[in-house]
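Next come the structures, one after another.
One chain, subunit A, appears in both complexes that follow, with subunit B as partner in the first and subunit C in the second.
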Partner chain A sequence: MSDASSLNLLSLLPEMLVALAGLLVILANAVGRDSADGAHRWISLLGVLSALWFTLNPLATGAAMSGTAVHDGLAMAGNTVILAVLLLLLLGGESYLKSRRIPLAEYHSLSLFAATGMMSLVSAGDLVTVFMGIEVLSISLYCMAALLNEEEGGREAALKYFLTGSFASGFLLFGMALVFGFTGTTNLDAIAHSLTSLDTDNWMLIGGALLMLIGFLFKVSVAPFHNWAPDVYDGSPAIVTAFMSTAAKAAAFTGLARVFVPALGEAADAWIPMLALCAALTMILGNFSALVQDSFKRMLAYSGVAHAGYLLLGILAASSDSAHMASVLFYLLPYALINGVLFLVGAAISRQRSGKNLLDDFKGLAADSPLLAILITVCLLALAGIPPTAGFVGKFYLFMGAVDAGHVGLACLGILTSVVSVYFYLRVIVYAWFHKAPAGSAPWTPLDGGLVLVTGLSALLLLVLGVWPNLWLSITATI
Partner chain B sequence: MRPSDPFFYLFALLALGLARACVCSQHLLRATLYLAGVLFCGAAFYVILDAEFLAGIQLLVYIGGISVLLIFAIMLTRGPDLLKDRPSPLRRNLALALSLSFMGLCSFLVLRTDWPAALPAEPHENPVRDMGVRLLNPGEGGLLLPFEVISVLLLCVAIAAIYLARPGSGEERPLS
Partner chain C sequence: MFSQEALVFDYPNLIPLLILFALAGGMCAAMLLGARLLGPKRMNPVKAQAFECGMDPQGTAREGGVRTRFYLVAISFIVFDIEAIFLYPWAVSFKQLGSVGLVSVLIFVVALFIGLYYELRKGVFSWK
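Right after this comes the complex of A and B.
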């Protein structure tokens, strides 16, 4: 038995606070019944804010629980992104939750538990923790996707997500088993250590790494494993889509980086060709599929696929020089904030028009609400990677990293497909500013003040990070 | 050839045959029974590999739990009618090609790997005890944190199952 210091429980405080908040939400629901509706939100807010505080000002860092968790810069950056998204949805999502009659206790507790899983994943120091983190986040999200299962597409989305997710978990586990068989350990540090002395030109290791990669690529919706994403994003409640397309993706990417760059870095020759091929395919398929979408949610889903491709470039760069990991982590925050804001605001705008999340719903937005039009414009320009937004800085670092690592062709492809993406982002902006609202649409009712305030602040943060990237880069570069 | 090898091949053939019968059966209940047979062969493999504990788990959880659950699910729904539709030839061939390529990949991995010549020959006196100690040990080599995360997982599953099973979840619907 070890002494208390090697447990390092204090470093696990953020995870514990979030899980505790989830438990308290359930308890509040059991005790307070219908009168507890406000309490769910306050408990969640308190849990998330305190976890965010202790993430940014950790009481302890380093390995915890004998190396099954590691709280380093990577975990800190990943946790910050996850908690920031959760905070955004908590502050801005209240009106959506109420208008769609989403059960509050289930939504809040499951989102907190999903966040617990994500945080265990980003700070995992062992393949077993990686898998458990992924399963907790996936199972919570399967159920969250089904929160509106009475609606058209809701059930299909949840089932599709469940089936593809389970399939991915199978691949992941099979891969982990092979890597364990080869190295004789599941600890990520020990795997990295044993690969320095073993011959990495072994098919068991290569097969294990590739199967694990397939599992991860499914989870982050990278082509050719991305087909589930548009249907699931489209059929799930917008607030859940906002959560799974941002926080879950950020967590899975951080997990992918943690498993492949430090632990399997010695075997990089085995997985880099496949990763490079998938990155190219993802950037092309994601951007070109997004061109032809009529639904805002589906367009964002394909744009999310494309962005997974850009982020893979960062992982490729990090595999040759781990300093480039900072570029992946840097981009995760603006990416998560933009998509969180766009899904929330898009759903609120669409409710005033067709209610079907169509691109046409944005027509005439500037006349009805210039403020929202500006907000949407800033977010879409940031996604397109146009200065002075954080989206530009993020993409710049990713592409520069790829060039540094010798993937010049991929970087060029990234820039070219980004140019393509400008078309479908601009289309929404043009609809908002230069088109008239369709005849017969209902008079505009102002959106919930909290939603506008918190999304406005997020957009402001995008501009601030675009001008002063060091604010966030100084945290991500501490790895 | 070890004395256990004939048993291995016997159960492997049995598992293959049952798996084929399970996939190709048009009757859901029969498919479930074939599946239970495949799982039983899995338990037999574990016994051959000296992993009695895993064999016990396989019998208890998969055959005792999951197969019975499946049978209940089929009996409580209109199960046997579900398999009326026949997959199109394209889907059949695609599935066949995918399965064969995955089999090819696995065989390739098995055949091309330099398997460690000698396995770590430390017979565990009491493997179940060792496993329990590892799961609940916060010290070196312990897996206490993942074990704790499992409890969060189970809680999520319980919430999800109750929510989805509640009649008219999301909207109030009178019980009739």
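Right after this comes the complex of A and C.
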């Protein structure tokens, strides 16, 4: 076990760089005075950029740490999504952090530690690594949700997230214990190998797989385990919501795919019915609940629940043909970018009006700032899945995969509920372009230039990916 | 790694244990149930009061609660308790793990030290 050649530490370089940056931020905060605020940002930026560079140009790949971590195409795609979100929030979130007086060092170090957990999760080669990754990311996010604990909603969000999240971890751990009891190993490859020779019609394996599935579905907010999401997303600071609804979800989905598709693929009969049922329920509940929301953040939260349902279709397709994994990974990037941009820009717009993240805050936006109105429109159209945005291409691949795998009914349900979703996305666009700002609202002050620039570039990327999907698909398809 | 056969228990040997559980549980249930069904219930304000060493209770439970400082110290204690748990197996197999083990443990300890230093600078240990 102590054989240095089996460590392959170089392949873990991105994780190590991000964790190191997190430690340095803490150290800089402890050593320096309060004027060292800029340092936190520069250290984080340097860590994230170098990690992104070594993710896309890895010095080494393959199994590391005696097989407990695996750096393959799946890990590369997952890491890229996580780091892209982190970069977006670092570049665009400064004005939000300052205006809400969020402690900068704590925010930056916690987000870097959460990213370390997410990256360990997406490159996990062992159930223990999966659990460790989930816990590191969850515990960091519990703290981040509580960064604005002076506010009533903030405390509620943090406590709800903590209680439901740790409850879900219990399910996950018990499921892992049962799977370990049945197969005698926690290594994902070894589990897949041992299932080929064992009888998979066993209560221990089926129970273990289902309990693990419940744990994962909690984390990715799939109905009927989604009830925490709207309250937590609504009560947390917008920048934290932007982080946990995108990067954490992308990481949990990649982890779900890694555990269930290759490792428990032989036992697919046990978990596919439950996954299909949850996908159907999620798409229906998510989209119809979003219809009646009047808070922008809650609307996006339910839309995120609905999108978790679409992504489950990709997992279902991948369980019959692993080539469809690329469609899940493809959609994660546009989904993460859109939501990151919408939460950040939505919070900035709302601050100019009611400050309560209401849908009404978007009324008359086009008159005040046509550029922002265009930005919001592109993002919402991408969420609705309208060409030529990347949202359309992503949904197309997901539904096509579901049809290929024989889940035609689910694909139809997905398309029908997408039609429902167009209503609440378009409502914001209509408010922005065709309604007048409420009387007596304060004069418009231009938003922070960095925020507009980086979110504008993200929206541009959505359009580019919609026309030229191979740019990102070529990375996700190398699994 | 152990095989599946290792998990097959010798069930008959566990039966006395089950009987013990049943007896213990049954006795508790019988006592609670018996007291509930047979016992007289005469409530008065003094009886319903919280008992505080014979003194009249005053104020709410929120006042004079445990200070947050105690939690911070408790958390620090757990962190270094767990550090010790990780260091023991390393110390026992120090020779076999060699330089790789030494470097790993050093990284681990330095990471914890940074956390401790942060706590120190934030005033967790300055009790006034």
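The working rule: the second predicted complex is superposed on the first by the 476 of 479 C-alpha atoms of A that agree within 3 Å, B and C clash if a C-alpha of one lies under 4 Å from a C-alpha of the other, contacts with A are read in each partner's own complex, and residues count from 1 in each chain.
Convention: a contact is a pair of C-beta atoms (placed from the backbone, for glycine too) under 8 Å apart; a residue touches a chain by one contact, two chains touch by 3 or more.
What you see is a predicted model; the values in this text were computed from it and never measured.
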Fit or clash - subunit C, subunit B, common subunit A: clash
Partner chain(s) touched by A:Gln352 [first = subunit B, second = subunit C, both, neither]: neither
If touched residues of subunit A are counted for subunit B and for subunit C, the larger one: B
Partner chain(s) touched by A:Thr116 [first = subunit B, second = subunit C, both, neither]: first
First (subunit B), second (subunit C), both or neither touched by A:Leu27: second
Subunit B versus subunit C as contact partner of A:Leu7, first or second or both or neither: both
When the two complexes are fitted on chain A, the stretch of subunit B hitting subunit C, from 57-65, 75-83 or 93-101: 75-83
Residues on subunit A lying within both footprints (that of subunit B and that of subunit C): 2, 7, 23, 26, 184
Subunit A-facing residues of subunit C, complex: 1-4, 7, 96-98, 100-101, 111, 114-115, 117-118, 120-122
Residues of subunit A that touch subunit B when the two form their complex: 1-2, 6-7, 12, 19, 22-23, 26, 64-66, 68-69, 101-103, 106, 109-110, 113-114, 116-117, 120, 126, 128-129, 131-133, 135-136, 139-140, 142-143, 146-150, 178, 184, 202-204, 207
Subunit A - residues contacting subunit C, complex: 2, 4, 7, 23, 26-27, 29-31, 181-182, 184-185, 198
Residues of subunit B defined as touching subunit A within the complex: 105, 108-109, 112-115, 120, 137-146, 149-150, 152-153, 155-157, 159-160, 163-164, 168-171
